[in-house]
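Got some structures for you, see below.
Below, chain A partners chain B and then partners chain C, in two separate complexes.
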Partner chain A sequence: MTTEAAARGRWQVVWPYAGALAIALALLAALVAMLGGDAAQALAGLVRSSLGSGAGLGQTFNKTTPLLLGSLAVILGLRGGVFNIGVDGQIYAGAVAATGAAFLLSTGPKGAVLPVVLLAGLAGGAVWGSLPGVLRARLGVSEIFVTVMLNFVAVFLVEYLSTGPWNDPTAGEAITRAIPPQATLPYLWPRAGAHAGILLALAAAAGVWWLLFRTVFGYELRAAGDNPSAALLGGVPVRRAVGLALVASGALAGLAGAVEVSGFHYRLILGLSPGYGMMAILIAVLSRRHPVLAVPAAMGFAALLVGTDSLQRSVGLPASAVFVVQAVVLLVLLATEGVRRGAP
Partner chain B sequence: MSAPLVRLRGVYKRFGPVVALDGADFELAAGEIHGLLGENGAGKTTLMNVLAGLYRADAGDLEVAGRPVSIREPRDAVRLGVGMVHQHFELVGHFTALENVILGREGSGWLRRDRLRREVEALMERVGLAVPLDRRVRDLPVGVQQKVEILKALYRGARVLILDEPTTLLTPQEVDALFASLRTLVDAGVSVVFITHKLQEVLRSCDRVTVMRRGRRVVTVDREEADPVRLVEWMVGTAPPPPPAREATRPGSPVLELEAVRVVDQRGVAVLDGCSLAVHEGELVGVAGVSGNGQQALAAVVAGTARPAAGVLRIRGRPAAGHGVLDRMRAGVLSIPEDRLRDGILPRMSVAENVILGRHRLYFPGVRYDPETSRRLARHAIDEFRIVCPGPDAAAGQLSGGNLQRLIAARVFHAAREREARLLVAHNPTRGLDVPSTEFLHARLVEFCGKGGAVLLISEDLDELLKLADRIVVLYRGRVVAQFPRDQFDRYAIGRAMTGGVPA
Partner chain C sequence: MSWELFLDPSLLRLAVAMSVPLVLASAGELLMERSGLLNVAIEGMVTLGAAAAFLASFAAGSTGLGLLAAALSGVVVAAVFAHYAVAWRQEQVTVGLTLYVLCLGLSSLLYRVVVGVRLTPPRVETLQPVVLPVVGRLPVVGEVLFHQHALVYLSAAVVAVVHLVLFRTSLGLRLRAAGENPVAADTVGVDVFRLRRASAAAGGALVGLAGASLPFTLTGTFTEGIAGGRGWIALMLVIFGRWTPVGAAAGALLFAYVEALQFKLAMVSRAVPPQFLQMLPYAFAVTVLVRAYRGARAPEALGKPYHREARA
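On to the complex of A and B.
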């Protein structure tokens, strides 16, 4: 391909995103105006509260972490041809495992406890992903049903733990006792309140890229996801690859759960994931299943969440409006994609 | 000559950077069978898709019955009496033949349906095409499905019937029957465009021939003015390379042996049932048969994607019935799948990633995958197999059918070299390919045999088998019912065996 064509191709990729962003902002402005607010001021406030200030940026980083890890989980699944819509359940499973590990190791040195807690999160998510993985690989059971069902199981498990054995009796809520300080993630940027999870998420993005594009396993995973029958005839152990895709996908989501516990909440809480799993699917689609593009996509999403959250306070924008805006962004992107490709 | 029934002038169509039609012209006279001949990528199908409303031309004039028309979508074409039967049928598999024919005009209730049924039966009578109306289409043989497609087009009022490569899947008898029914159709007032790249069919069945090359018309001639040599010259621009000579081989030891192999599919039907055959070193065994008689199961069981429920399967003398694809590869078995889109290509992955498929563990025995190695192999393949594509990083799904097959051939024959492969299973390897690509692939198969390799060539193109095979076995209802050594090749005897008749 000539560089000229490549450059043109790159612009064709960029403009739907720009268009979607413009439409999303216009819609937001319209919503604010409808509510009687000053649209320009609100938009400026949105940018300032999410990206334009230290504290805002810190919040955006913290929100980026679970979104990025979750979308990487979805991407890994999609590349292997499986639709993991159980990221929320795997986040909870990882959070449970991480919290449990933190309670068990409450006396150890920080240098040892924190890695174990994070690994426990990975393992918890992996276990949650292995169930649909094994069922899919061995029996051909659709991962969609199994992962959705396991979402409920995980939520009930968290409800039981946070109100039962691990309950914090002083709180009077469905939250557990705080984890010991040795199990907490250090701050990356203390003044902004940003924990080091973003570094883990960025490393995970690089790792997923490496896994997908620079390992034989990743090659076979992509082959199995692209066309299972051709991959099978090419000697790829398709069922194993697809099953492992779900396990690895679950592990990434589990890490997100562990980071939320050890970096943000310092405990297991029932509302740990406000639908990160669903947003992760949107981000995975927006980033065209590419782990590196998922970084800006997740960050943009996080900024939108943080910014609209502040609008909720400053101009009284209803929380559901945020989801409307997110949905519109996605629809605009999908529509522009369709137009760009053109009818056959 | 009076005004043609259909006239296309200066039709221009591009897909991205590819110019598919570069000012193509075409005229169809009323009441003729018109052959449209050309290599793959010459623009035959694209031009007819413009007429059928599937593609919109970028420029050019369309006339039907002397009146300028604009065809924007298939509905417009149907209204003008243009119907097309595509290479890949557009039938609803779990509907009956009748439901497929009347699709879109079902009306409601049984009364109307009875009337529609009588209409379809009258139509079948009139045009001499009979199909079992109450059978589900997916249970019907391909030849019958094709008739359903033709009936569907006629039922919608087609006066111009376009057939895209209609004989690919048919037995010689079925081809004869098709040509006979085309004559009946012409007598009933239908004009036929017959897209093909088989010269014999054009010479046998058509009144006139238009040859296309590179998106343009080369010539339109009456059949009397056409002969094979000139037609090929018009198609390819140069004289074709001589066919590979198959010398009588002295077969060596057996490479593949099947004894009473039985394969049961997911529905519980025995698709191979007591199938026995052997292929020896340096031997090319052709498997003839009407599609759906166990060819897919035979290819799958030899390639290792299906396991026999009973019987013995030996590779180079060793029992291998329970082995999978990887074991087969290690034992030196390679395969060219029948359906290249379904079983051969990773459409969203790059050409490079496709070229290395099946050899990736050979090149990358460890953990790491090196894209540069794949690219290097792909560049080599692109050069040697003349694959037309933007480069190693282009998505394989963008390639045309012929180039996809070249890609798969590059993968297989390079692997054959690297692994010292002993057995190649090729299922319809040249279906839909143009003349040079077919010749190229044939030469490769012959070369592979010449080096002591064994080839099991499963093909629905009898001419291909007659040209290449040392021995032809006929597969009928899951078993080998007849064998023909090279000195006993007889097209009609083989054809009879293919349809279950006793070989003469």
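On to the complex of A and C.
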């Protein structure tokens, strides 16, 4: 390929993303105008509050953490040809396990408590991912349904714990008591309020990349996802690879739950995940199932989340509007791809 | 606690009423899947249908308009889905999940724009039971089956019509052919693309109506989580019913029974925390699913885009 053609090829990949982003911002401006706000001012505020200030950037980093971990969880599944729609449930399962560990170890030294709390989160998510994993591997049951159903089970479990045994009686809400200080994640950038979770998420992105492209397991998983029958003929243990991918996927989401508890809320709350799992699916598709590309995609979604949060306060834009904008971004992208494919 | 509780006529009557969203949504999904389209957006479409029904009824004061709005919302989303899946041959689960997220966001957004922020959520009129003549006077059976609101009777009719169309008409035969072997169907002159789009639209209308049944028969209000997984369960019911409308409807009754039972148990038992009872239908779904998968065979071309020029 000549350099000119290569440049054109790169441009062809980039312009749909730029177009989708422009359409999303225009949509957001239209929504703000519809609700009686000043669209130009709102968009400026959106950028300022998410990327244009230290505190905003800190918030964006904090939101990037669960979104990136969640999308890595989805990517791991997608590479093996399975859809993990249960990231939200696994986040909650990880958060429950992390909170429980923090309460149990309330007297331990900091150096030991925090790692155990994070590992408990990983384990909680892995347990939540293992049921769909086992059912898929052993009985061929679609992971889509099992993961979704477990989302509901996890939410009710959190509701029970946060209003029942772990409830903070002074709060009067579905909130648990605070975890002990030894179990909290340190700040990375204290002035901006950014905790160290982003480092864990970035390390996880590198880890998933390594797992997928540099290990036998990753090779087998990708083979299972690309062409299961060919992989099976080639001697790949397809079912085991896919089942394990769901367990690992759950563990990553569980870590996100643990980080939300120990780095951000310092307790278990019912609304811990405002749909991170759903956004994670969109991010995974947007980043073309690539763990490294998921980093900027997750950060973009996080900035949008933080920015629309400020619009929620200023013009009363509902929190759900961010779902519309994010989904439209992906629909535009899928449409441009579709148009290029030509007639059926 | 006595065992009579489990066969209490009022419980069975509630179960029949609660089966409506599941019956309608699974019938709609089944129509699409039989033609080869796997639409996983239906949880979102049920939510959007509920929002459309609630808002139309709230703004215009008419339940009929609410039903129409809900059906239309389903048709529009299904048409978009079909365009991505049929014309652009995009991965159907990906498009479905994206539309699912879009529908959830859109529902709350529309609610916020139309209703605004209020201290107490507004309510719309719910459907009243219609006692059918003659059969309504039967002991027990009359109370359970024929003291119901109109959507119960409608959903029974929908199951019958979908069954007859699929298995007793040439249109149904062509539709199933498009879902089993689109290449062969195309060869003998079946318009696979048009059939898939049409079945998506028809199925979408049913899924939208399933959404409408939630505010109109169960809640009277709209909340973000109103669908409560019913769309996903409907998707499972299609497998449970082996892609037949009667089988899916039977499964819907079973699930609705467990759902209704959970309400009853919560009233009777104070020992078990309510959240564990609320988990029951979802845990039950997973258990049933494991059995449903044994020997299940989906339409051969389900979820696969049809490309005329591609080699088989």
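Note that in this section the second predicted complex is superposed on the first by the 330 of 344 C-alpha atoms of A that agree within 3 Å, B and C clash if a C-alpha of one lies under 4 Å from a C-alpha of the other, contacts with A are read in each partner's own complex, and residues count from 1 in each chain.
Just so it is clear, a contact is a pair of C-beta atoms (placed from the backbone, for glycine too) under 8 Å apart; a residue touches a chain by one contact, two chains touch by 3 or more.
Please read all numbers here as calculations on a predicted model, not as lab measurements.
When the shared chain is aligned, no partner comes close enough to touch A:A95: not chain B, not chain C. Once chain A of one complex is fitted onto chain A of the other, the partner contacts of A:F213 are limited to chain B, with no touch recorded for chain C. By the touch criterion defined above, A:A327 reaches chain C but does not reach chain B. When chain A is checked against chain B and against chain C, the one touching more of its residues turns out to be C. After overlaying the two complexes on the shared chain, residue contacts for A:V32 are found with neither chain B nor chain C.
No residue of chain A touches both chain B in one complex and chain C in the other. Per the touch definition, chain C reaches chain A in the complex via residues 40, 43, 84, 86-90, 93-95, 97-102, 104-109, 112-113, 117, 193, 224, 228-229, 232, 235-236, 239, 273, 275-276, 278-279, 282-283, 285-286, 289-290, 293-294, 305-308. Within the complex formed with chain C, the residues of chain A that make contact are 31, 34-35, 83, 85, 131, 135, 139-142, 144-146, 148-150, 152-153, 156-157, 159-160, 163-164, 275, 278-279, 281-282, 285, 316, 318-328, 330-331, 334-335, 337-339, 341, 343-344.
Contact residues on chain B toward chain A in their complex (touch as defined above): 303, 305, 325-326, 329, 335, 337, 342-349, 353, 357-358, 360-361, 364, 366-371, 390-391, 393-394.
Touching chain B in their complex are the following residues of chain A: 1, 5, 213-220, 222-223, 226-227, 229-237.
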